[in-house]
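Chain naming follows the written order as A, B, C and D, and within any one chain the residues start at number 1.
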Amino acid sequence: MKPCLHPSLVEMNELEAYLDLAAHCGYEWVDVPLHWIQQEAEKRGASRVEDMFQSRRLQLASFGLPVNLYADEADYVRDLALLSERAAFAVRVGAVRCTTFLWPSIDERPVPYAARLARRLRQCAVTLMPHGVRLGLEYVGPHHLRNKAYPFIQNLADLAVFLEAVGAPNVGYLLDSFHWYTAEESTDDLALLKPEQIVHVHVNDAVEEPSLAHDQKRLLPGEGRIPLVPFLQALYEAGYRGPVSAEVLHQEPLAGTSEQRAQTAYDRLIEMIANAKGDC
Amino acid sequence: MKPCLHPSLVEMNELEAYLDLAAHCGYEWVDVPLHWIQQEAEKRGASRVEDMFQSRRLQLASFGLPVNLYADEADYVRDLALLSERAAFAVRVGAVRCTTFLWPSIDERPVPYAARLARRLRQCAVTLMPHGVRLGLEYVGPHHLRNKAYPFIQNLADLAVFLEAVGAPNVGYLLDSFHWYTAEESTDDLALLKPEQIVHVHVNDAVEEPSLAHDQKRLLPGEGRIPLVPFLQALYEAGYRGPVSAEVLHQEPLAGTSEQRAQTAYDRLIEMIANAKGDC
Amino acid sequence: MKPCLHPSLVEMNELEAYLDLAAHCGYEWVDVPLHWIQQEAEKRGASRVEDMFQSRRLQLASFGLPVNLYADEADYVRDLALLSERAAFAVRVGAVRCTTFLWPSIDERPVPYAARLARRLRQCAVTLMPHGVRLGLEYVGPHHLRNKAYPFIQNLADLAVFLEAVGAPNVGYLLDSFHWYTAEESTDDLALLKPEQIVHVHVNDAVEEPSLAHDQKRLLPGEGRIPLVPFLQALYEAGYRGPVSAEVLHQEPLAGTSEQRAQTAYDRLIEMIANAKGDC
Amino acid sequence: MKPCLHPSLVEMNELEAYLDLAAHCGYEWVDVPLHWIQQEAEKRGASRVEDMFQSRRLQLASFGLPVNLYADEADYVRDLALLSERAAFAVRVGAVRCTTFLWPSIDERPVPYAARLARRLRQCAVTLMPHGVRLGLEYVGPHHLRNKAYPFIQNLADLAVFLEAVGAPNVGYLLDSFHWYTAEESTDDLALLKPEQIVHVHVNDAVEEPSLAHDQKRLLPGEGRIPLVPFLQALYEAGYRGPVSAEVLHQEPLAGTSEQRAQTAYDRLIEMIANAKGDC
């Protein structure tokens, strides 16, 4: 387990400055929006982008699934046709993880929504197989997002059953401490996981009660009450050894500068991971 | 397309008498509960049962999926382990179709219910593949069965999307005129089907409006207002050439004797099929 | 098990006369070259062809895989693209079996030949799955066909291992008494088969020793020394219940008229099958 | 592309000293026999082994497939049952590549040998899928290993066709400069590869002609006549960005000390990779 810089921590949106900051703080992993990378590659060439990562000894921790899973079939199929090439590019800068999240509630009728989504996720996962890329699905816990007509995937147990419909071997979980906290889950829920089921991890914090914490008002790890060391310890014990990304979604500006937040997150994650491992 | 005798038409529950009646009326296909056949095989031997079919030139049109899809996992897995052998036995008496129905409404939470069921149906379908047996799923239309907490599969369109979650190539539809009528579908809905998607067909009739027709108050084909010739014609045009089974579910006794009903159904189906083909 | 007429028994090559003869002799199953059926359908319409089978209560036992497995990739892919529609048509006249044979010796390098063929057979089998059609592969025993540079599939054991490379669940065996005899196999070799592995059966006879019998000098069942009743009995005991097709390949004209041979084969197969079952 | 230390370069067989040397020379990737790692884990605990890698910022480039593909079925199945857990452990120290080689000639009959091996490799690959691990197969070029009764896989083209029999999406190539040279292949043969098909790369050298070079008399990269920069350039252009492992098999002791060889290989690979990229 090692800290991973997440773009939500910083105000910049320019790739090289972002990677500079990551390297400066000590990160080995970064999460980067795929379109930052693609734009930079179009501007300066793919080799230049690769060099940006390599020269700083940085690896792309994951890339968001570049497929609109909710588009009409024609648009979806076009995205799917482009997925292999896009994955190949992400792999060049170190990625072996692709992620997407599932809504906790929906306005669409649940069964057709779930069935179509399962089929599309299966097709995406199959497309990622030759690249050695796993697909991590993230459930979303905050209660205020349960406001649509029907519940969909609100916790790990919901997601586990939904994966039965997906039915692809390289699909697993993206676990986020905010969702784990707001879903009111315990470390026991994590202890049952097999290492290969955990694709990626997000860490962040909250001060409000689980039922009140707002998805766009997250705090840096260590600034709230989520028991992050036990969270990380459970994942470590389950066998996870990958990046731990500080995804701190927010609407209001976060305190401090980008540099300060990136460094603070790094330092705290280093300490938390050490404590999590030390407690094993 | 040829008529198929269905046990709902008769009062008997003894295999040989049932097959005698089928042969006497002119049927080449019969639907038979698998447990009738198994009990007879245990009593008199499997060869004797096969002879019963062969000597009358009868074939088993389909067998109900002998797996409790809603059991807890341990019981389900036990059923699944027995499925191959049971399918092999049904194949010996001519079956290449296995069927089960899906509820139009459920009390369970829809997404986990659908996801688990999709996975189990996929596993069953895969088990049937080596036998050349297809799995036909039946949607259920009568509105009074929509009384559970959540809707599930109420029409052909619902089922079509659910099959995306199942994701097995040998799974298709069991189309029943009663469900087609109560789901208020048209022949256009059937015209889109590919021949390999239609696994089996049930025919029966209703006098009440679609929204009022009761699942257990069905009529013999020709005694109601369902446009059966257009129904059969659409299936014929879509390429279906298999058995057409007169499934007439009922709670109150049907008029006439078993013999009369079996013969009446045969004669009417012969005529309807001829008209359906003639109109092509 | 029931007799199946095979076109090698007759001199005609016109579908309706062939079906007339089959029905007249008592057959319920016929093997017919797919191009006879397709030509007739183009001439008189598909419905008319279906009526030809139905009005005589005849079913198509099998159809030869209409794909050139040895063509260059472009031609193969074109055949593969047409397979689903061709299978759908064969299914309309009762077929649930598709067959092809494998050479006992080849001039091509064995490993690439086997690997490419395995992949193509897998793709064909997958295409047949939605139709409920199984693919039966036939090994070829006569020793004079072992004259090419390298051995390929010469007996059931060879074929069993080759199926591991194919790796599709709906692929099994076409067993032919001539190949079983010339491969010098025993009934024990057949007893190990599971019913779903036996897709189709050819029966014919030979007077020469196994090592000398010529593939194109076959005899009608009962005219040689192949122990056909034990052969059929072993298949029956293994669970096979399908058609038994009298494939009597020959270069020199066979004795008698088409009618005589078709009737003789029928009568002998009826007797042999009865003996095979009686001995169980 | 970055250099990877290979155990063939060194005389030691103790994990920590090996990792120390790797780190000291500048390597980020190491190839390590899985049993070194397992023995160390049994002795000192898995966490300690992980720390050995992490504290030096080293990643396991690949692990040899820990399955005897040529054992009898019972032993093979036992290995297969252990594969998932062993893969999970290798993944903990950074591995996303599993490799094995295929013989250029065999004494076994080629078709059953190839068919069984294809099925087993497919099963292994499927087992590795949930871990995001790809399986790289290595063809073996040296002519003196073509001495068995039948040719098997002697070059990239042979392997490409054999992969059609394997039929698993996460299986690709391990390319070794020694085999590429002795198979007398060109950079054009590499240029056709897709990035996801290249799983791992070995680099080493030879002074003898391709037909005479001995598999166990390899030289350090740069000490022979294999055009290694064009080799690496072709792989780079094909999209490969992973480790380049200096596998220098030998029977006679190599010149110099372990430390000297490890450093020399590192320095030369760094330069060759730079030249390969620079030439793009």
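To be clear about the criterion, a residue touches a chain if its C-beta (ideal position, glycine included) is under 8 Å from a C-beta of that chain, and two chains touch if they have at least 3 such contacts.
Chain by chain, the UniProt names read as follows: A, B, C, D = Sugar phosphate isomerase/epimerase.
In this text the structure is predicted, and so the values were computed from the model without any measurement.
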Those chains which touch chain B and also touch chain A: none
Angle of the C-alpha superposing rotation, chain A to chain C, to the nearest 5 degrees: 180
Between chain D and chain B, distance of the C-alpha-averaged centres to the nearest whole Å: 55
Separation of mean Cα positions, chain D and chain C [Å, integer]: 46
Centre-to-centre distance between chain C and chain B (centres being mean Cα positions), rounded to whole Å: 32
Overlap residues in chain C, where contacts from two or more other chains coincide: none
Interchain contacts (touch definition) - all pairs: A-B, A-D, B-C, C-D
Residues of chain A that touch chain D when the two form their complex: 2, 28, 47, 50, 54, 57, 84, 88, 91-93, 96-97, 126, 129-134, 169-170, 172, 194-197, 239, 241, 277, 280
Residues on chain D engaged by chain C in the complex (per definition of touch): 109-112, 114-116, 118-119, 122, 150-153, 158, 161-165, 167
